[in-house]
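Before anything else, here is the set of structures, which you'll find just below.
In the two complexes that follow, chain A is the common piece, with chain B as its partner first and chain C second.
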Partner chain A sequence: MYTGSLACFLKCSKRNWEIPVFTVLALAPLFGPAFAGGLGGQITSVFIICIAALGLNVMVGFTGLLHLGIASFFGLGGLFLAILTVPMNPLEIGFLPAVLVSVGITAAIGTLLGSPALRLRGDYLAIVTLGFGEVVRVLFLNLENVTGGTQGLGPVPPPGFGVFVTGIDLGREFVVDSRWFYYLSLVILFSVVLLVRILEKSTLGRAWVAVREEPLAAATIGISVAKVRLSAFTIAAAIAGLAGCLSVASIGTTGDPNAFGFNRSVAILCAVIIGGLGSIPGTLVGVTILFGFDIVVIPWVDAWMQRLQSQVFETNLFALGSWRLALVGIALIVVMRFRPVGLVPSRRFAAELQESQQ
Partner chain B sequence: MDVASFLQQCGIGITSGVFLGLMAVGYTLVYGTVGLIHFAHGDVVMLGGCLALAILSFLVPLPVVPLTGCLAVILAAMCSGLFCGCLNVCIDRFVYRPLRDAPPLSPLVSAIGVSFVLMNVGLVWIGPTDRAFPKIFLDTTHSVGGISILMADLLVLAISVPPLLCLYVLLRQTRFGRSLRSIAAITRATARSGEAGKLIGATFFISGFLGGVASVAAGIHATTINYQMGHQMGLYALTAAVLGGIGSVPGAIVGGLVVGLLRAISVAVLGPRWAMASVFLVLIVFLAFRPQGIYGKSKTRGGQH
Partner chain C sequence: MTSGDVMKVGDASVLSADIPLLSIDRLTVQSGTLPVIDNLELDVAAGSRVAVVGSGRGSRAALLDAICGLRSATSGSVRLDGRRLKQAFSAKTFWGILFTGVLVGLLCAAAAVDIDRLWLAVVKRGLVVEEPFTITTFGKRLRSYFRAELAIDRLAGNWRIVTADGREVLAVRRDLSEARELRNQMQAAVTARRIGPGVIPDITDLVGDANEPQRELLLDESTLDRLAAGKRRIRFRGWSAFTFGLFLGIGMSWTIWQRGRRLPEVAAGAGVARTFRVPRVFPAMTIFENVLVAVEQGVRRKSLSWWQMIDKSYCVSRTEKLIQSAGLSDQSFTFASDLSLYERRCLEIARGLAMDPRILLVDEPADGIATHQQDMLASLLKEVCGRDLTVVLTSASEGSLTEICDYTVNLSSHSV
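What follows is the complex of A and B.
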């Protein structure tokens, strides 16, 4: 019986890469006690960036609209969650309704930005989204009464704060054991992957691709180009806002608004492109490589080298962290040089490139 | 705000507008020939500033006297212009050229990668903090009708305007300029032919040279440089290029002046922390009404991306 279910599992895995990947991720904390501590938190933040990147992929990959301000929606989602839940403000509504409301507001802001921006073509749109991102960052920094300025707004109570299930305080559990957030973001990441996959196959998803490839032809078969583009704007903003909510809930504060600036937007965009535009597994791979390197590998290597160097030379000669930017930059250049369609390209993009080279 | 202080701010705005325009021309020239937003341009300029800082610190006794000071600044501007030009040509040769027929967003990511590498080089070169630019009779001011004019700002204009005039003559009056302007119409296939390759190289050199001059002007104007200045100036200059209509050289210069004036006035009225937001807000509102920028044609090159 066990072999039967194993065979079935393998068969499903061949068609759906999600099944083995998410099974391994779900089982990992059971075997690694380190997941309860710092490592779990670091991997959780990689998951959260993955969610935001999937949102960006809807816009850049599926619809072909270059967006350089995705991190501002990430920040906005988190800010609204914080405003709705911090004890300082009178609202203090629960986690779930707060997430729903802030995702809704973020989506609305995305739509508002999208409606005038849709008149613009290509690079002009990119610059407007870039400008929007910077305006949001400056507003975050300067409206200290609302956002807390550089300090950020906090403390944001963890999800399940004040909820008791069979005598266990859920809120306290979230704070003590980072595996709770690990599983929460894993579940949300899985749902977002499914959602984006369903959208990709739906009428709307096909319309996105049609508009990306040839807007004029799409319009002649009755697709409303403006509406379809606007929907991509809205969905990207909503997903990025959801990721922002999770991030703020897991850190407990909105943190320094500079983290929502141009650099973060560009890093997420690079992750999507080196993974492979329009490809869901590609996006996850891209984020895991870029941000996994940044969040997990660099601190680990530096701690290791510091130990090594202090034993051998008694001084700290070289820190990988100070060459972090250059390493990421070289990685981007090399990947684009040798795999211009990305590491895990979507089938359509790979086929197109082959065609154009012949 | 009275008239005198308004004119004072306009003066500051025009000074910074001129060197932002120099940088914006760099973005616009590259975009016009290869259809790429050269994201690393700001960081190339930053490295030019680092080189100028090194040269001026080496010549430290000279800048005290006005005449030798001016010569030292001109020398620094030429060196950093040549350096940035060559750096730009190398970036094009080794990073962008292999990607001429890749998907449109791949060169953009490479450009961002180059920008990260250069920023890191700058960080290691001059360190994480602000570095003071050597003073060139900075404290001297002349008062004309209640408006005090900083001599350093005149120096900024003196080194920024001649390259712009040279560029004008080059583009308008020479055979090279005509072919450069016509190259905007070439397709991707011809971009790999020998003649077009040389023109693209020349474009990158010119844009780098202007950027190098702009870096010295920016250093004198702001009195400090740091490793992130390229990033910030790059955003302003890119805004200027887009505002003017990306691909258009006069548009970039006008855009630079507009951005410089906007920034100076919003610094005076709202305070420095709102400067960037107000510049970008104006850009967004302006583009909503005139999507192709001031001088842009309504159908831009590059289509979707």
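What follows is the complex of A and C.
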């Protein structure tokens, strides 16, 4: 009677955007020699933030819980990877097992933090995650023997360190040519996109949305609200930890722990909101705009303007880099004013916003 | 209001076995200090349809809330099939609470024994003395940290004898074997001091250049006392923090569990479904998804562990059947936010039925919809309610919806 309703339900999104977008991204380095150098590294770091933002989107978008400490999980994932791999420490295990272990530990920490915290309502949960983010940052600064303090822990060997494939040292290739990291992070980003998409369409994903919209009604149909929220929190922590691992491996050190503080968390949250809460392409667009602007465009524009100004005025009057936070703020205000559902809204959020305006 | 009246609804001995499906025993629910339900006793037999009328709207809603766990009763109990709608204390709960306690205890102990110095003593020390990192050496170094034993450390080509946490340097030697020997002597002196007072160590160091050696006492009385006390101090700190954390963790998780015992999902798992006066549908989901999410939860609760896959085609066909019986089949892919009040109510009933409940609580179905819609809703409820499903609905007034019921319970007069 309802012919094809299963099929219709399974492919909820009519437009399959992943294949073309990822094909273009995969082919791009073949045409641009700049990808082997600085540009490739910059785009890689945008990909890595994309992964973390997808994790945050699971929590904020699908489950509707405000999370202000995502960067701390990012930092924790990276720290555990560094602890497990740096030659200073005795463990020195390979890249892949180290990533698996550190993602597992990050997820466990997320569960541990979440199980009491998720019983709190709305704003209180946000405060807990905010506090946790600061605690992690301060711990990073103070446990100097473990984390390396402000210096960070390093040098982290690149993936494939000591692995030779047909006479090519993979570890060395990763350091010399940034296209290796570009492809590694692209593949991981693609897998995370698929994972999040599958989760969104799964039983768990529907339970997340149900809990987000009507926690009371969700409880009366037998959804265990606390457990469903906890699962979202854990998955968010794990994905952010994975992104942290990649980031640390690509930079080669955990760096200054202050980079994992509140500012980074809020920037990722802003990217998710600008792109559209609960929307996977929206998250990627939001991060590409905010962080792509910050990491890729501004240095390029500044270099160009510096050349121009030094030719015309013989002095450097204006640098866009010092205005970037103001520009981001203005962009946020404009988007929220004219497109409150985000740039690429999900169908669900559009429907929910309509409901709340009625 | 007379209290303590017993109301038997439906002839329990005819319709089911000897125990009624739902039995409410001296239930009192207070809103602030005002009792909205006072000492209510009510038995409902399986398969009957009951209308709850009378008293205020708040009282009727409070009754349904108390049954399905949205509101906790001040006193009295609600039983379904003779069982309290409360999570039982199982072995899983016990181990869970104990595990949390131990975990929090370990975290507290880690903070108390100074994890940073522990790391230095256990991980970094192995690197300076070039010991391989195995379970044995790891255990050895961990033990020596907690026993506050002296250790050897290297700095700029010199071997230093340091306290376990690396905070204090006691002597410096060029040669490793020499350093090892001195460390063993010093350790023996510290251990002797720990066992009994009065042992004066004979450990000296050569200070000055080779021509004019000058002997200096390495371990004076006060240093020795301090080192001997180190073991006790670190153990005391570790154990007391662990005990504190253990009780904290057990107390916290016990409280959390206790609070979660009477949640709506527990009642739902036992077979209580309810709808709301202002329908609480999931607006950003289609009708299909609204019902599907409940079907899946029902299937999962009944038969599956968390890692087992759900039979998707069964869920989909069951969802379609439910939507059809609720009369919403021609719009199953519209968002619930686009529905009218009547449609929302139908959807909520379909969603409630999705998890195959024993009893369906319908809150004010007649509220705010037209008379012909009330008739349609009444026929829908009559259709779904059968041998295995009991319906309890509340209503402000008599109408077609109360007419389909076998019994009417009046809350204000405590009568059937």
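A few comments on the model shown:
The working rule: the second predicted complex is superposed on the first by the 339 of 358 C-alpha atoms of A that agree within 3 Å, B and C clash if a C-alpha of one lies under 4 Å from a C-alpha of the other, contacts with A are read in each partner's own complex, and residues count from 1 in each chain.
Please note the rule applied: a contact is a pair of C-beta atoms (placed from the backbone, for glycine too) under 8 Å apart; a residue touches a chain by one contact, two chains touch by 3 or more.
Worth saying up front: this structure is predicted, and the values here are computed from it rather than measured.
Steric overlap between chain B and chain C is absent once the structures are superposed on chain A; the two fit side by side. In the superposition on chain A, A:Val328 makes contact with chain B only, while chain C stays out of contact range. Shared-chain residue A:Ala351: touches chain C; no touch with chain B. In the superposed pair of complexes, A:Ala217 makes contact with chain C only, with no contact to chain B. By the touch criterion defined above, A:Glu134 lies against chain B but remains apart from chain C after alignment on the C-alpha atoms of chain A. When both complexes are overlaid on chain A, the residue A:Ala28 reaches neither chain B nor chain C.
Applying the stated contact rule after C-alpha superposition, one finds that A:Ala207 touches chain C and leaves chain B untouched.
The superposition places the C-alpha centres of chain B and chain C at an angle of 70 degrees about the C-alpha centre of chain A, rounded in steps of 10. Once the two complexes are laid over each other on the shared chain, residue contacts for A:Asn142 go to chain B and to chain C alike. Residue contacts after overlaying the shared chain place A:Pro116 against chain B and chain C alike. Using the contact criterion defined above for the overlaid structures, shared-chain residue A:Val341 touches chain B, although it does not reach chain C. Of all C-alpha pairs linking chain B and chain C after the chain A fit, the shortest spans 8 Å.
Applying the stated touch rule to the two superposed structures, the overlap between the chain B and chain C interfaces on chain A comprises residues 116, 119, 142, 349, 352.
Chain A contributes residues 1-2, 5-6, 8-9, 88-91, 112, 115-116, 119, 142-146, 203, 206-207, 209-210, 213-214, 216-226, 347-349, 351-352, 354-355, 358 to its touches with chain C in the complex. Those residues of chain A that touch chain B in the complex are listed here as 60, 64, 66, 116-117, 119-124, 126-128, 130-132, 134-135, 138-139, 141-142, 212, 215, 262, 266, 269-270, 273-274, 277, 322-326, 328-333, 335-337, 340-341, 349, 352-353, 356-357.
Residue ranges on chain B touching chain A, taken from their complex, read 31, 37, 95, 98-99, 101-103, 105-110, 112-121, 123-124, 231, 235, 238-239, 242, 246, 273-274, 276-277, 280-281, 283-284, 287-288, 291-293, 300, 302-305.
Interface residues of chain C, counted against chain A in their complex, comprise 68, 70, 100, 103, 115-117, 119-120, 123-124, 126-127, 132-133, 252, 256, 259-260, 263-265, 267-269, 272-274, 276, 280-285, 288-289, 292-294, 296-298, 300-301, 310, 312-313, 316, 320, 324, 329, 332-333, 335-338, 348, 351-352, 354-355.
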